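These are the structures, in C-alpha cells.
Next, two complexes with subunit A in common: one pairs it with subunit B, the other with subunit C.
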Partner chain A sequence: MSITANEVLDAKGLACPMPIVKTKKAITNLEAGQVIEVQATDKGSTADMKAWAESTGNQYLGTIEDGDVLKHYLRKASDIEEKAETKYEDVLNLDELRNKVDGEESISVLDVRESAEYAFGHIPGAVNIPLGELEERFEELNKDEEIHVICRTGSRSDLAAQKLSEKGFKHVKNVVPGMSSWEGQTEGNQ
Partner chain B sequence: MVNTKVAIIAANGGLFDAYKVFNIASAAAASDAEVGIFFTFEGLNLIHKEAHKNLPLPEGKEHFQEGFTKANVPSIEELVEIAQEMDVKLIACQMTMDVMSLEKDAFVEGIEVGGAATFIEYAKDADISLTF
Partner chain C sequence: MTVKMMSAHEVTKKVFQKEALFILDVRNEDAFADWKIEGENFEYLNIPYFELLDGVEEIIEKLPSDKEILVVCAKEGSSVMVAEMLSEEGLTVSYLRGGMKAWSEHLEPVKVGDLKGGGEVYQFVRIGKGCLSYMVLSNGEAAVIDATRMTDIFTDFAANKGVKITNVFDTHLHADHISGGRKIAEQTGAMYWLPPKDAEEVTFEYAALEGGNVVTIGKTFIDIHALYSPGHTIGSTSFIVDEKFLMSGDILFIDSIGRPDLAGMAEDWVGDLRESLYSRYRELSEELVVLPAHFMIIDELNEDGSVSEKLGTLFINNHGLNIDDEVEFRKLVTENLPPQPNAYQEIRETNMGKITPEEEKQREMEIGPNRCAVR
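Up next is the complex of A and B:
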C-alpha cells in the first residue's frame, strides 16, 4: 500500500531532540489537515513523535519501518474539524454502521480521510477517496448504491456527503462521529 | 503544551549538563511550551561566547566524545541557536557575572540579564521547574 504525504522531511541520522524540532518547523509550513512523512533513524523517535503530537494537538497516524528508517506519519491539526457542525441531514451512527458491516449484505463504505490516515486503519472493504480528490473522482462511485461516508470526526464526511448529494447521489449517509470512535474491525498497517 | 510554562535553572558548566539543559528546553519549546532558562554560576559557561563551544566532559568520561560524534548529536552551539529560534528565553545571572567580572557582551547574542527575583517572577506560575 502506498502512503502519500504532502511533505517529506528527512531527519535521518539526527539525534534527539532534532527529529521533533525539525518536525515542528516543517509542520508550521503545512496547511491544516495536511500530512507529513518524517523519516528518522533515531530509535526513540517513535515514542517522541506520539508524545509530541499529543502535546501539540497534531494527529499521529502511525509509523512504518523500512529497513533502518522509521517513517512517521503525522497530520496537522485542524480546528475547523474539531468544532464544525454537520449540515448534511441523513446521518447514521457507528452502532448502526457496525450492524450493517457485520451483517450478511455487502455495503459500500467511502472513507474520505487522507490516504495516510486510511493506511493505518480503516473499515475492511472501505474505499478511500480523500475529500480533496472527490471532485475529480466521484465518478468512480456508483450512484445507485447506498454509500456510507466516513472520516475521522464526521466533519469531512459531512462536506463529502453534501458534495455527492449535489452531484446527484440519492442514497448517501454521513456516518458520525467517525473513525476516531470506531470500535469494530479495521484493516491496514497497525 | 500551549499555555504550559517551563522554568529551568542551569547551574553547572559541563558538556553533559549543557545537553540536559538544551535538549529538554528545545523539546519543550518544539512542543509549544514557553521556556525560560536561568544560567547561574558555572551554568553561565553554557551561553558564554567562547566557553560554550568547548565544554569539558566530566573527568574520566572523555571517551564519550566519540559517542557524541557517532550518534550525530548536534553541537551545543547549534542547540543554543535552535533554542533561540524557538524563543527560549535565556537569562544570565547578574550576580554571578559580577563575581566573575563578566559583561553581557561575553555571552551569545539575545540573552537577558537578571537577578534571582527575575527568575522567580518568571517561574512563579511555571508548570514544570527543573534544575540541572
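Up next is the complex of A and C:
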C-alpha cells in the first residue's frame, strides 16, 4: 500500500540530531493536520520521532522500513480538532459501532482521516476518503446505505457527516470519539 | 567558553575514583530510564535534545556551577550540539566522545593478580554494560575468557604484552552480549573451548570443554581446571586458574547469583543452580578469589575498579548463597526476575553462529545493561 504525504523530507544519511532538527523545521511549513514523510537512515530516529512528536503534540503515525530507509509518518498538530464542538446530531458511540462491526451484517464505515493515518491502522473494511477530498469524491459512496463516519477524535467526521447530509445522504452517523479510542480489530501497517 | 571532549576511558576513571560528575543526558526519556552511566558520585539531568532545539536557557539554572558537566547522547551528535549551545551561554562543558555507543563498548583492563612464576591475570571491565572478560598471561602465552565482541582490545593487549593467545574460552553460551571468542580464536589460531551442553546447536567447530579438563597456559606453569557448574545455562562451566582464581562465569557474582531463565528453562535449571552454588562450590577452597563474568551495580567494584572477592567472604555476605530453604531459593531465582536482556534470543543465536548480523545491528542488540543476575 502506498502512503501519500503532503511533504516528503529527505533526511537520509544524516545522524542524530539532524533528522529531528530538519523535521521540526519542515513541519512548520505544513498546515495543521497535514502529513509529512521523513526518510531517515539513522536507526535511532524511530524512537526519537515518537518521543519528539509526543512532546510537541504532533501525531506520530508510524514507520515503514523500506530497505535501509526508515519512512516516518507524522501529522502536524491541529488545535481545532482537539476541542471542536460537534454539530452533527446523529452520533454513534464506539461500543455500538463495535457491536455492528463484530455482527453478522456487513456495514459501511467511512474513515475520513488522512491516508497515512488510515494506512497505519483502520477498521477492517473501512473506506478511506480524507475529509479534504470528500467534496470531489462523495459520489463514490452509496446514498442509500447507512454510512458510519469515523476519524481520530470525532471532529473531522462531524464535518464530513454534515457535508454528506448537505449532499443528500440520509443515513449518516458520526462515530464518536474515533479511532484514538477504538479497541476493536484493525488492519494496516502496525 | 570551550567545549571539551571526554573519552569513555576518562569517564571510567571517574567511576573508579568515585569522583563527582554532573551528567546532562540528552537521549529520550525511555532510553535514559533503561540505561545510563552509573557512578557513585554522579548526578543526572535528563532532557531530550529535541526539547532544546530552540535554546538551552531554560535548563541553565538546573546545571551546577561547581561541578564538571558532561553532556551525553546516544552516538555523540546531539551532545555536541547541546554542549555548543551551553558553551555559547558561557558554560564550560564536555561531551562524551562516541556517546553511549562508545560507553557500551569501552573495556578497561585492570590487573587482578599475579600467578606463580611471573604470570598475571587481567580483568577487562566493560564498565557500561557490566561484562567482565579475562586474560591469563604466562610465559609468553595467554588465554582469553569470556571475550566481548570488541576483539581488537584483546589481541592488541596481547601484542603489547608480547604474548601469544593460545586458548580462548567461553564459560557458557552468553545471552546478554555477543562473544568475541570465536573471532579471536580464528585470528590467532588459538583453540576455542565451549561447554558442549551449551553448544549443541552451534554451527562451527570448537573444542569441547568439560568438567575435569585441564588446559595449560605457558607450557609449564599455569593450569586452568574446568569445573562443571550448571544453572545459568545447562553447560555453564567455571575455571580454577593456578589454584588461586575461580572464574565463576554467570553462576556466582559478588552481590548476586546467576539467573536460570535465559534459555527458557528456569524450572529445570534451578536445581542445577542450587547444586552448583550450594554443593560444588562448597567443596572448593574458601581462599579462592572469585572472578565473575559480570557485575550488576557499581557498588560491586573494588577501589581499583576491579570486581573480585574471596569465595569464603561471598559465602558469608552474598545473599544468594545463604538461603537455606530450597523453596525460598526457587522463588528467588524464578519469580520477580529483572527484565530479560535486550534481544537476548538473537544474541544467543549469534553466539551459536546461526545468524551473523552486521556490526551496527550487533551493537544495537547489545544496547542496555546486562541482566544476568538475581539479587
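Here is the rule we use: the second predicted complex is superposed on the first by the 190 of 190 C-alpha atoms of A that agree within 3 Å, B and C clash if a C-alpha of one lies under 4 Å from a C-alpha of the other, contacts with A are read in each partner's own complex, and residues count from 1 in each chain.
We take it that a contact is a pair of C-beta atoms (placed from the backbone, for glycine too) under 8 Å apart; a residue touches a chain by one contact, two chains touch by 3 or more.
What you see is a predicted model, and the numbers here were worked out from it, not measured in a lab.
In this overlay on subunit A, subunit B clashes with subunit C.
Once the two complexes are laid over each other on the shared chain, residue contacts for A:K24 go to subunit B and to subunit C alike. When the shared chain is aligned, subunit B and subunit C each come close enough to touch A:S55. Contacts of A:K43 after superposition: subunit C is touched, whereas subunit B is not reached. After overlaying the two complexes on the shared chain, residue contacts for A:A15 are found with subunit B and with subunit C alike.
With chain A as the common frame, the single stretch of subunit C that clashes into subunit B is 44-52; none of the other options in 44-52, 224-232 or 242-250 do. Residues 15-18, 20-21, 24, 48, 51-52, 55 of subunit A lie at the contact with subunit B in one complex and at the contact with subunit C in the other.
Against subunit B, in their complex, subunit A makes its touches with residues 13-18, 20-21, 23-24, 48, 51-52, 55-57. On the side of subunit B, the complex with subunit A involves touching residues 1-2, 4, 23, 26-27, 30-33, 71-74, 82, 86.
Note for the complex: subunit C touches subunit A at residues 28-31, 48-51, 53, 73-75, 77-78, 81, 360, 364. Those residues of subunit A lying in contact with subunit C across their complex are 15-18, 20-21, 24, 43-44, 47-48, 51-52, 55.
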